[in-house]
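One chain, chain A, appears in both complexes that follow, with chain B as partner in the first and chain C in the second.
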Partner chain A sequence: MFRCYFIIFISCCFLFLMGCWDSRDIEQLNIHVGTALDKASPTASSKNQHLIKLTTQSISAKPSISQNEQNSQVQGQQYQNITGSGNSIIEIIDRFSQENEKPSYGQHLKVIIIGEKLAKEMNMEMILEQHSRTYEIRDSCILLIARGLAADTLKIPKGIPAFTLIGIDKNQYKTSRLLPPLSIGKAINIMSARKDFIIQGVQVKHGKIDFNHAAIIKGDTNKLIGHLDEREIEGLNWLTGNVKGGIVKGRDPKTNGLILYEVSTVKSKISPHLKGNHISFDVDIESSGRLNEDAVSAGNAFSNKFIERAQIAATQEIKNQINRTLHKLQKQYQTDVVGFGEQLRIYYPKEWVQIEKNWNKRFSNVPIRYHVNITIKDYMEKGKKEVSK
Partner chain B sequence: MKGQIVPMTKWQQKNTSENQKIEKNDSGHQSIISKPNDFTTDIHVNLNQIKQAIGHNTDVIFRSFLLGSTGIEASIVYVDGLVDKKLIQDQILKSMIYDLAGIFSRETLPTPDHLKDWINNQVIALSEIKEEKSLDSTIISILSGSTALLINNIDIIFLLGTVSFKSRSIEEPITESLVRGPREGFNENLADNRALLRKGLPDPSLTMVEYEVGQRSKKKLLLLYLEGLTNPDLISITKDRIEKFDLDIALESGYIEQFIQDDHLSPFPQVQSTERPDRVIAALTEGRVAILLDGTPFALIVPVTFSMFLQSPEDYYERWIPGSLIRILRYLAAFATVFLPSIYISFISFHQGLIPTKLAISIAATREGVPFPSVIEALLMETAIEVLREAGLRLPRPVGQTVGLVGGLVVGEAAVKAGIVSPIMVIIVAITAISSFAIPQYGAGIALRMLRFGSMLCAAIWGLYGVILFFILLAIHLCKLKSFGVPYVSPAAPYSISGWKDFIVRFPLMTMKNRPQMMHVLDDKRQKDDV
Partner chain C sequence: MIKQKDQITTAQAIVYISSHMTAMGILTLPRVVTSATQTPDGWLSVLISGLLLILFSMVLIKLCQRFPEETFYQFSQKIIGKWFGILLSLVLIIYFLLLGAFEVRGMAEVTHLYLLPRTPFMATVVPFICLGVYLIVGGINPIARLFDILLPPTILVFLIVILLSLKTFEINNLRPILGMGVLPVVKGIQPTALSLTGIESMLVVFSFMKEPHKGIKAATIGISIPLFFYIMTTIFTIASLGVAGVQTKTWPVLSLFRQFEYTGIIFERFETFILAIWILQIFTTFVTCYYIAVLGLSQLFQTKIKPFIFGLAPILYLIALSPKNINDVFHFGNLLGYFGLLFILPIPLMLLLIAIWRGKKHVSAS
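On to the complex of A and B.
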C-alpha cells in the first residue's frame, strides 16, 4: 500500500519538472543567429578596461502582411545588431536584458565570428569558454575568423548577414577554395587536444563578404599566428583530400593555353615513414573529374594525347599549389594543420610519444613527397573544335 | 419488468416465456403453468377487450363481416397505414366471405375446431399466420402491423402477417461512401437488412438469434454470428449483455451500444457501427458478432480493436500497395488529429530551439502582435472550427456549404488580418480539422478530436514533456481497454506477428491465410495452405 502511494507521489512530482512557468512564446524571444567577438576598443579609464566587445545579430520581426501592403517598397533592414562590451561573454549577454524587452535566446545561434585582433591576443579556448560550456548554444554552430572587425561582417546591408555567412560556408561542393565548415563542437575538441588547426577566414570588402583566407591557430597557445590565402587553402584541401568540387586552372604544356579541370572526386592518403630517426611522408592524391573548358585552339578532346596533356596541366597546377602551401606551413608558420602528426601517431604510436614534444619544429624540416594522379573521365558535350580556315 | 428481452428462436419459445412474465405480473410469483386464455368464445366480448385497449385511436380499424353464408360473425382489426390493405381485401376478406360460402352453408355449421383448421389450412393464403391467446401480445401485434382475425365461437385470435410499411430503398451508405466497393447500404427495415446479409453470405452456419428490446418500443434485435466459427465464449458474453439490460425504448442501435460496451468512461468507442453490409459480412467471417436493430441502418459489430476504426473496406478492395499506403496515411492523420496542435503549442511556447531556424523566425514574425498566448489562440481556433463543423452538419446541405465557406475562409482570413490569430495557427487548425475527417469512422473521429483538447492543455502546461505524458496516459488506457474480451490495441499489444499482417500495413491477401488470432475462432483457416 505504501509502495502504491509512493509511486503516485513520485509520479505527481514528475509533473513539477516543468510547467507553465517555463512557457514563453516565441515572439517574445530575441533569437540570436550570429555573434561577433572583437577586442574592445580602449576606454579612457584604464580601471574598467573591457576585454571583449560582443555584437549579436537577431532578426527583426517583419511587419505583418496587412501593413506591408501599403509600404512594400520601404524595406528596412531585416536584422538588428546589439553590441555590448565586458570582460566575460555571459556578463555582456546578461547586460542585454537590461536594455532590451526581449530576453536573449541562443539555441538558434548559427555562426560565431572572432575578430583577428582578439584571436591574436586571447586564447581561443578562453574566448569560447562560455559558448562551449552552455547547453543553450549548439555544437553545430560554425566558427569563423574575420580580418578587421568581426562586427563588420554582421553589418552588410543585403539580406541577413549571419545566414549569408553560413550559406557561403556550405558552398564547398562548388569550390576548392573553402575549408570544410568548422563547428564549435569540433573546434573545442581540437583545442582541448592542443592541436594546431585552421579556421576559415572572412573579410568585408566594400560592403561585401569575402571568404578569402584562412587563419592558422597555434595549438599550444590557441592564438592566431598567421593566414593562408585562397590558393594556399586550395593546396591544403588537396593534401587533406577535402576537395568536394571546384576547378583547377592549368596551362597546356604545349600551347600554354588555359585548361580547366573540374574535380568530381578526390582521394588523398598520407603515409608516414619512420626510419631510425628520420621522418618522411608520402602523400598520394588521386582525383578524377572532367574537362570543363579549354582555351587551346586546336584542342581535340577526342584524342587521348590532348587529354593526357590536360591531365598533366592539372597535375602541375595542383602540385604548385601544394608546394606553396607546404612551404608556408613548414617554413613560415611551422604548424601542422594538415594532420601529418596524426598519421604518424596512428602508424607509430610508441615513437610518437617522443616525437610529439617538439613535433612542430621537426615538422618544418620533414621531407614530404606528394604524388598527384589526375584522371579525366569525361570531356562533357564537346570534343573537337572546328578550326576556322 | 426486468428481462423483457427474451430470446425467441422459435415462436413457441417466445410465447411460453412471455406468458411466464405476464403470469408474474398479474398474480405475483406464480409457478409456471400453461397460460390462461384471455379470450372467450364470444366475439363481442373479445372485440370489446381490444376496443377498450386501443379502440379510442382513430387509426385502429374494426371491420365486421359474416363468413359467407354461414352467418358466423367475424371481425378484423388492424392499424391503418401499417398494413397492406390490398392484401387484406384479396387474401382475407374475399376468401373469408366468398370461399367459405362454397364449403359451408347455414345448415352445415362447422365446429369451431374444424373451422380453425380450415382457416389455417385452406382459406387464408398468407405466409404468416399465428394463433394468439394473450390480449397483450395481440394488441402489440396489431400495433406493429398484424391484422387480428376474430371469429365467433373461436376463443383464440388469428394474427395475420399483413405488415407493409414503406421502407427506404437500398441506397448508398452516406456516412461510409467508398470509391470502390458495393454501393448498397442498410436501411431502416430489419427484414431488408437481414436479406442483404443473407444474400451476401448464403452460408448455412450464419445464425440469427432474435431478441426483442424496449418495453414499449418492442424492437426486434438480431444477433448474427457464424456457428462453428465464432468463439462460443464471445457469443455467450454478447448474449449475456443483450439479455441483461432493460430499456424503455430503443430508437437506434446507439442505445444498444451504450448498454453493451465495456467501459463507459473511455473516450474510445468499443463497438463499431456501420451502414455497410460488406463490412458486417467481413466482420462475421473474421469471427465477430453483429447486431442488427429494426428501425436503424446502423449495424453494430463487436468486438472491435482500435485499428478497425482506421480501416476502410476499400483497403481490401484496392491492391495491397495503395491500400497499405492509404492506411498508413490514415494513421498519420489520426496522430495529427490528436497531437498536431499540441506539438505546435509546445514548440512555440517551450521548445523554440527545436524548430528549424528559418521557420522559427518566420513563425516569430507572424506571431508578432498576436495578443494571446499560443494556447488561447489554439483553443479559440479549435473551438471555432468544431462549431463550424457542427453547424455545417446540422444545416441543410446548400446552406451548410455556405457556412463552411463563410466560416472557414472569411472568418479565418479576417481573424488573421485583424491580428487576433497568426496565419500559421490557422494552417495548423485547418490541417488538424482535415486530418480528423480522414478517419473513416465518425465515432472514432469524435473521440480523437476530444482527446486533442486534452493534449493541448497538457502542452500548454508542460510542453512537449506534457504531450509525451499525455501520450503515455493514453497508451496505458488503450492497453487496459478491452472490447468483449479482446484487447483494444491488439495486435500491437498483446503482440502477435500474424496480426501485423493486417494492422498498419495491409499485406497481400494471399499471405493472410488465417483469421485474426485475437478472435480465437474455432476454424482459423481462411485459405488453403497449399495454394
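On to the complex of A and C.
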C-alpha cells in the first residue's frame, strides 16, 4: 500500500518538477547587447511621423566554429543589427517579434547610445523611460552619446561593436581624457534629481570608433545643449578628481622642452564659501605621479631643481586645462556639471534651498580659485640623458 | 508516542525574533523613509525607531514574564476577563493571518517581477503555503531549528552583496548629515512601522522559552540583528541611488543591486542572491505568522491544532490574492504596520498596567 502511494507521489513530482515556466533555450534567443537610438528620418507623410529610430545589435548563440572551418572566410559577421522606428521604444521592440523568429532578450544589454540629434530634441528621461522601468534591462548598462548617427557606432566591421564601446569606456585608468563610465541607473538617478550632467561622447571616424568628446545635458530640460572636447574633459576630470591615469604634457619653463608627467593619484576637494550673499569656491587638487618622458636634453632628474621645474610644467598645463573647461562651462553653457552646487548643498543645506532656483545663472559668475599641487615621486629607470662635463 | 516538550532556547528565541522581523519591509524601507524625510537622514530615523522599539519590547516582555508558559491567548483572558480576552485574541489572530498572507503576496509580486515573469502567481504561492503547512505541523521546535539554519547564510550573503555595492557608493549622496535639522528625521520615524514590526510574535512565542528570565536579552539582540540590516540597507541604497532616485523606484533595494555588475568572477549579478535569501526570510515570517494564528485558534477553541492548519491554508491563499494591484499591496502593508504597532506598545502596556493593578500573575502548578 505504502509503495503504491509512494509511486503516485513520485510521478506527481515528475509532473511538477519537469522544468520552469520561464525557461527559454539560449539558441532561440536574440540576445541584445547594444542599442542605438536616433531621431527618425522624416517620412513623406507627416501623419506617420515617427520620433525614434532604434537599432539594436544582437548576438545569437551559435555552435563554435570547428577547427577546419576556422581558416575559411565564411565566418561572416558575429553580430546582426535590426532597425525599426516608432514613437516609443517598447513599440519598436515588440515590432521586432513580427519580423524575427527569435524573441528579443534584453537581460544582457551592455550599452545604449543616443544620437546627438535625438538628445537635443527629446527629454532624455523620456527616451530612457522604458529602459529604466523594465526589469529586463539592468541599471548597470552603459550610456553614451554619439556625434552623428548613433546607429553608425554599431556598424563597425571589426569585432562586436557594442563590446568595443564598453571596452573603451573602461580604459579610464590609461587616459585622463575619458569620463568615468555612466550607467543608465546613475543617469536616471541624476535626472530624477534634476541635476546637470555629462555623458561620454563617441564619434565614428573613417570606420573607427573615437571617444573624443562629451555631451552636456541640462538638468531642467534633460536635453543636450553642448559638447566638451577631449582637452576640456581632461580639465573637468582634474576638477572632479576623476583622473585614474594618463599623462600631462607640460612645457619646461626654462627651455620650453616637453615634459610628460604620468599621473598615479589625484585628489580633489571643492570647498564652497558663502559669505552673506557672495558665493565662491576653492578647489584643491593634489596629485602625485612620476616623470615619464622629457625632451629637455640637459634635464637632470637626480637634482630636485629639475623635478621642481617638471612639477611647474605639469601644474601650468593642468591649470590651463581647468581654466578652459571652467570658462566654457560658466560662460558658454552655464551648467554646473562639476558638482559645485552639490558641495554648496552639503555645506550650506539650508541656504541651498534658496540658491538652487537660479543656481545656473549664478554659477556663471561665481569666482572659482583652483590650486594644483603636483608631486613627482620618481622618474623610473633613467635620471638623465647626458653626463655633465 | 514520545512527546518532547515544546521549548526553545534563548539563542533560538533571538533567531526567531530576527527572522520574523526581516521581511517585506526591507525592500521598500529606503523609499518609504526617504519620501518622509526628503533628506539623506533616513538611516537615522531607522536607527531611532529601532531603539524605540527595543524600549517598547521591554514592556511587552515584562508583560509576558508575568505569565511564563502561557501565551497571549491564555493570559489575556485572565487579565481582562474571558470575553474581552477572546476578542483581543481574535484580533491578534486576524492580524497574523493578514500579515502572513501579505508576506506571501509580496513574495509572489517580487518573484513575478524579477525572477519568473511568466509564471502564474498560483505556481509560486501554492507551494509556498504547502511548505509552510508541512513545517508547522511539526510544532515550534522544527520551526525554530529551520530558522537557526537559515539565518547564518542570510547574514553572510547579505553582507557580501551589500559590500559589493560599494562600487556605486557615493558618499556625497549621504551628506550632509542633519543638514535640515532634526525635524526630517522625526518625520521619518513613523513610516518605518511596517519594517520594524515583528516583536509582537513574542506575545505567543515567549511561552515556549526555556529561560523566560532572559526574555529582554533575547528581544534586544533579536531586534538588533534586523535593525543592523535595515540601517545598512538604507545607507547603501541612499548612497547609491541618491535622495531623488530612491523615491522613484518601486523596489529601491533591488534597484541598488541592479546598479552594478562584476565581470571576471564567476557571478556577475547579485540581486538573485539577495532575492534568494530574502525569499527565505519571507518564508520564516510567513511560517511564524501562520503558526501563531493557528496556535491561537486551537488554544481559543481548546481543540487540536491540525484541522486549523489545513483549514487556514486556503484562506491564506485567498487573502494573499485579494489585493488587486501592487499599490493595494503597499497600502495593505502600511495598514498592517500600524496594526502591528498596536500590539507592540498600547495593548501590552495596557494589559501590563491592568495586570499589575489587579495583581494578576502566573501561579505555577506545583
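The definition used in the following text is that the second predicted complex is superposed on the first by the 354 of 389 C-alpha atoms of A that agree within 3 Å, B and C clash if a C-alpha of one lies under 4 Å from a C-alpha of the other, contacts with A are read in each partner's own complex, and residues count from 1 in each chain.
Everything that follows uses one rule, which is that a residue touches a chain if its C-beta (ideal position, glycine included) is under 8 Å from a C-beta of that chain, and two chains touch if they have at least 3 such contacts.
Computed from a prediction, not measured in an experiment: that's the story for all the values here.
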{"item": "Which of chain B and chain C A:L15 touches, first, second, both or neither", "value": "first"}
{"item": "Touched partner set for A:P42, first chain B, second chain C, both or neither", "value": "neither"}
{"item": "Partner chain(s) touched by A:G276 [first = chain B, second = chain C, both, neither]", "value": "neither"}
{"item": "Contacts of A:L29 with chain B and chain C, given as first, second, both or neither", "value": "first"}
{"item": "Partner chain(s) touched by A:I59 [first = chain B, second = chain C, both, neither]", "value": "first"}
{"item": "Which of chain B and chain C A:Y105 touches, first, second, both or neither", "value": "first"}
{"item": "Contacts on chain A seen with chain B and repeated with chain C across the two complexes", "value": "20, 22, 138"}
{"item": "List of chain B residues in touch with chain A within their complex", "value": "347-350, 352-353, 355, 357-358, 360-361, 363-370, 373-374, 416-417, 419, 423, 460-463, 465-466, 469"}
{"item": "Chain C - residues contacting chain A, complex", "value": "39, 113-114, 116-120, 123, 168, 172, 175-176, 179-180, 241-245, 247-248, 255, 258-261, 269"}
{"item": "In the complex, chain A residues that touch chain B", "value": "14-15, 17-20, 22-27, 29, 31, 33, 59, 61-62, 64-66, 105, 107-108, 110, 136, 138, 163"}
{"item": "Residues of chain A that touch chain C when the two form their complex", "value": "20-22, 135, 138-140, 183, 185-186, 188-190, 192-194, 339, 342, 345-347, 349-350"}
